[in-house]
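Order of writing sets the labels: A, B, C and D. Residues in every chain begin at 1.
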Amino acid sequence: MYYVVTIATLVTMALALVRAVLGPTVYDRVLSVNMFGTKTVLLISVIAYLAGRPDFLDLALAYALINFIGVLAVLEFFKSRTARRLQEQSEREEN
Amino acid sequence: MQVVLDIISWVLLTAGGAFVLVGGIGALRMPNLYTRMHAASVTDTVGAILVLGGIMLQAGLTLATIKLAAILLFLLITSPTASYALANAAMIAGVKPEAGRAPDTEHDS
Amino acid sequence: MTVLFSVFLLTLLVITAIAAVQSRNLFVSVMLLGIFSLLIAANFLLLDAADVALTEAAVGAGISTVLFLGALALTFEREHRPTPHRWLSLAVVFAATLVVLYATFDKPKFGDPGAPVQVHVAPWYIEKTPEVIDVPNIVTAVLASFRGYDTLGEVFVVFTAGIGVLFLLSASHGHAAQRRPHNGDESKIGLRNDLIPRVVGRLLVPFILLFGLYVQFHGDYGPGGGFQAGALIAAAVILFALVEGEERTLEAIPRGALLALMVSGAMLYGLVGVAGIFLGGEFLNYSVLADDPIAGQHLGIILIEAGVGLTVTGVLLSIFHAFAARDRF
Amino acid sequence: MELLGIYHYWVFAVLLMIGFYAVVAKVNLVKKLIGLSLFQSAVFLLYITMGKVSGGTAPIFLKDMIDPVFSNPLPQVLILTAIVVGISTTALGLGIVVRIKEEYGTIEEDEIQEIDRR
């Protein structure tokens, strides 16, 4: 049964990768990175049981925590960029 | 008893796999960003709950179950937050939520 | 079956790498690099390298992305022009690929237990670890004790790189020295003013720190150790900086403290080695640290892993702050 | 099965060369560093692949293991430290790129050379 889940996860990862490559906006890519992260967590959990090594679950835990930081960092980045753009726009309008 | 648990866990795992797959297809096929997020969130919540729940039943009452519960808890906290932050950032940047096949206005700018 | 999964993941890996190189938008490349890191970590796991996968998880998906984005914020977001001499480069690379591919046919078969790599020192490490060091994680035993010299060198490389970044980025801007006025809008829109990520981020930071400490001190028994723990703890502090702002982070852990972490970690490692000499053994021989050689080994491994963790945390955070504090202009 | 085994090495070769292409052909310095990371990862993959023993498991003793077959721990040790060293050196490279941008106003290699020639 683990195989079914593993294959489903792998196919979903491939689909998410297609979305990441196609875009079209940067936010679509962030979405697929986030999806990819959670899929990796599931994949690692399943592989841990497939291989009979429950101690691999530490890895899944690390991913669940770290992926969030990566996504937040990217978003913070875009937000500050948007803010800068809006500011420049308003400055231009004032002049 | 063990057989019953096994059957429940198999059902959970298969259903989880199905949800993950459906979410993946949705994230690829949906017409614009917000609908794609809607599809992707299925994999992060229902998919994760079912898959990790299925593994938990297999693991029984061990340390591994607690770890799995922690993973599930963190996933359930973080992924909606990430989705929210993503939608918020996209909204501020001017990606419009429109029904139907809205042409994506901003291409990687 | 696992081999098939591996093949599938490797194929995705190649597609990601091509897309990352091909895209002219550098953001997209950095994000694809994040996906690349997730994929390669899953591969490491399938190839039985749990410790390596944990390191890649802690470093690749979080900190690497943050550092690249920090650099992009200070430079440009796009490549300015298409690649010049593209076909010439492609031809050269194609020829080189053929050579490397030809060489792969002489490689020992995948997973062959009789390959030269497997018969040289590895069996000795596997056999002697329970006897001489008695920790369950052989990787930690080799890293910290059998090959302690190597790790000492690596720690000093990390340390030196950290010092180098601090040197480079603490220099003042030559001709464009004027500081850009801090604009109000930027702080109004950032994550800092967003309640939900802020609350969740604050909630998660202690758990990541705790998990980092678990990885640090559980490294003898499961996947983990100083390198991974250092990266995880640094990631936790970076999360704090994202949701609470640079200033508050620097209030909590000032730059001097980070420098002290870097130095004390490297010093701790060196001093454990020197202590070995004073107690009548060789440099980095932990057996003499306690009455019982095995207890001595345990003590030595815990100490030097702590040193590694301190240095890695200090260096990664110093680098992060160095990039974040640089003005955009 | 033969081909499946060698596939890992092929992926290593292709990844190595993708990274190499980015380093030699791209003129953008950040892109070069991205290529360098890919190159690095390819080497990591090679080492870990070489250490795999079929039927083996991760080299960590569990309590209930009877006569386990372990994969080679040595490449894992080397690569584990190399990943952290890799990120530190990449950060150093990025620091240099940032300084170049501040002094030259560009991070495209050919533009920098033009400014130098003047």
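Quick note on the criterion: contacts are C-beta pairs under 8 Å (C-beta built on N, C-alpha and C of every residue); 3 or more make two chains touch, one makes a residue touch a chain.
Nothing here was measured: the structure is a model prediction, and the numbers come from that model.
Engineer: When chain C is left out of the picture, which chains can still reach each other by chains of touches?
Structural biologist: Connectivity without chain C: one piece.
Engineer: Treat touching chains as neighbours and tell me the shortest step distance from chain A to chain B.
Structural biologist: When the steps are counted carefully, the minimum from chain A to chain B is 1.
Engineer: Find the two chains joined by the most C-beta pairs in contact, please.
Structural biologist: If you count contacting C-beta pairs, the leading pair is C-D.
Engineer: Quick one: report the Å distance separating chain A from chain D, using the average Cα coordinate of each chain.
Structural biologist: Roughly 21 Å, centre to centre.
Engineer: Could you give the separation in Å between the centres of chain B and chain C, each centre being the mean of its C-alpha atoms?
Structural biologist: 28
Engineer: Would you kindly tell me how far, in whole Å, the mean C-alpha position of chain D lies from that of chain C?
Structural biologist: 12
Engineer: What parts of chain C, by residue number, touch at least two of the other chains?
Structural biologist: In chain C, the residues touching two or more other chains are 25, 27-28, 50, 72, 189, 191, 197, 204, 207, 222-223.
Engineer: Could you list which residues of chain D touch at least two other chains?
Structural biologist: Those would be 57-58, 60, 62.
Engineer: Mind pulling the chain B residues that touch 2 or more other chains?
Structural biologist: Each of 74, 78, 81, 85, 92, 108 in chain B touches at least two other chains.
Engineer: Can you give me every chain pair that touches, using the contact definition above?
Structural biologist: Pairs flagged as touching, ordered by label: A-B, A-C, A-D, B-C, C-D.
Engineer: Which of the residues in chain D end up touching chain A in this complex?
Structural biologist: Residues 57-58, 60, 62 of chain D touch chain A in their complex.
Engineer: For chain C, which residues are in contact with chain B within the complex?
Structural biologist: 25, 27-28, 189, 191, 194, 196-197, 200, 203-204, 207
Engineer: Hey, which residues of chain D end up touching chain C in the complex?
Structural biologist: 2, 4-22, 24-28, 30-31, 33-35, 37-38, 41, 44-45, 48-62, 69-85, 87-92, 94-99, 101-103, 106-108, 110-111
Engineer: Would you tell me which residues of chain A are touching chain C in their complex?
Structural biologist: Chain A residues touching chain C: 3, 6, 10, 13-14, 17, 20-21, 23, 26, 29-30, 32-33, 36-37, 40, 43-44, 47, 50-51, 53, 55-56, 58-59, 61-63, 65-70, 72-77, 79-80, 82-84, 86-87, 90.
Engineer: Taking the complex as given, what residues does chain C use to touch chain D?
Structural biologist: Going by the criterion above, the answer is residues 3-4, 6-7, 10-11, 13-14, 17-18, 20-21, 26, 29-30, 33, 36-37, 40, 43-44, 47-52, 55-56, 59-60, 63-64, 67-68, 70-72, 74-76, 79-81, 83-86, 89-90, 92-94, 96-97, 100-101, 103-105, 107-113, 115, 117-118, 121-122, 125-126, 130, 136-139, 142-143, 147, 150-151, 154, 157-158, 161-162, 164-165, 168-169, 171, 173-174, 176, 221-223, 225, 227, 230-231, 312, 315-316, 319, 322-323, 326, 329.
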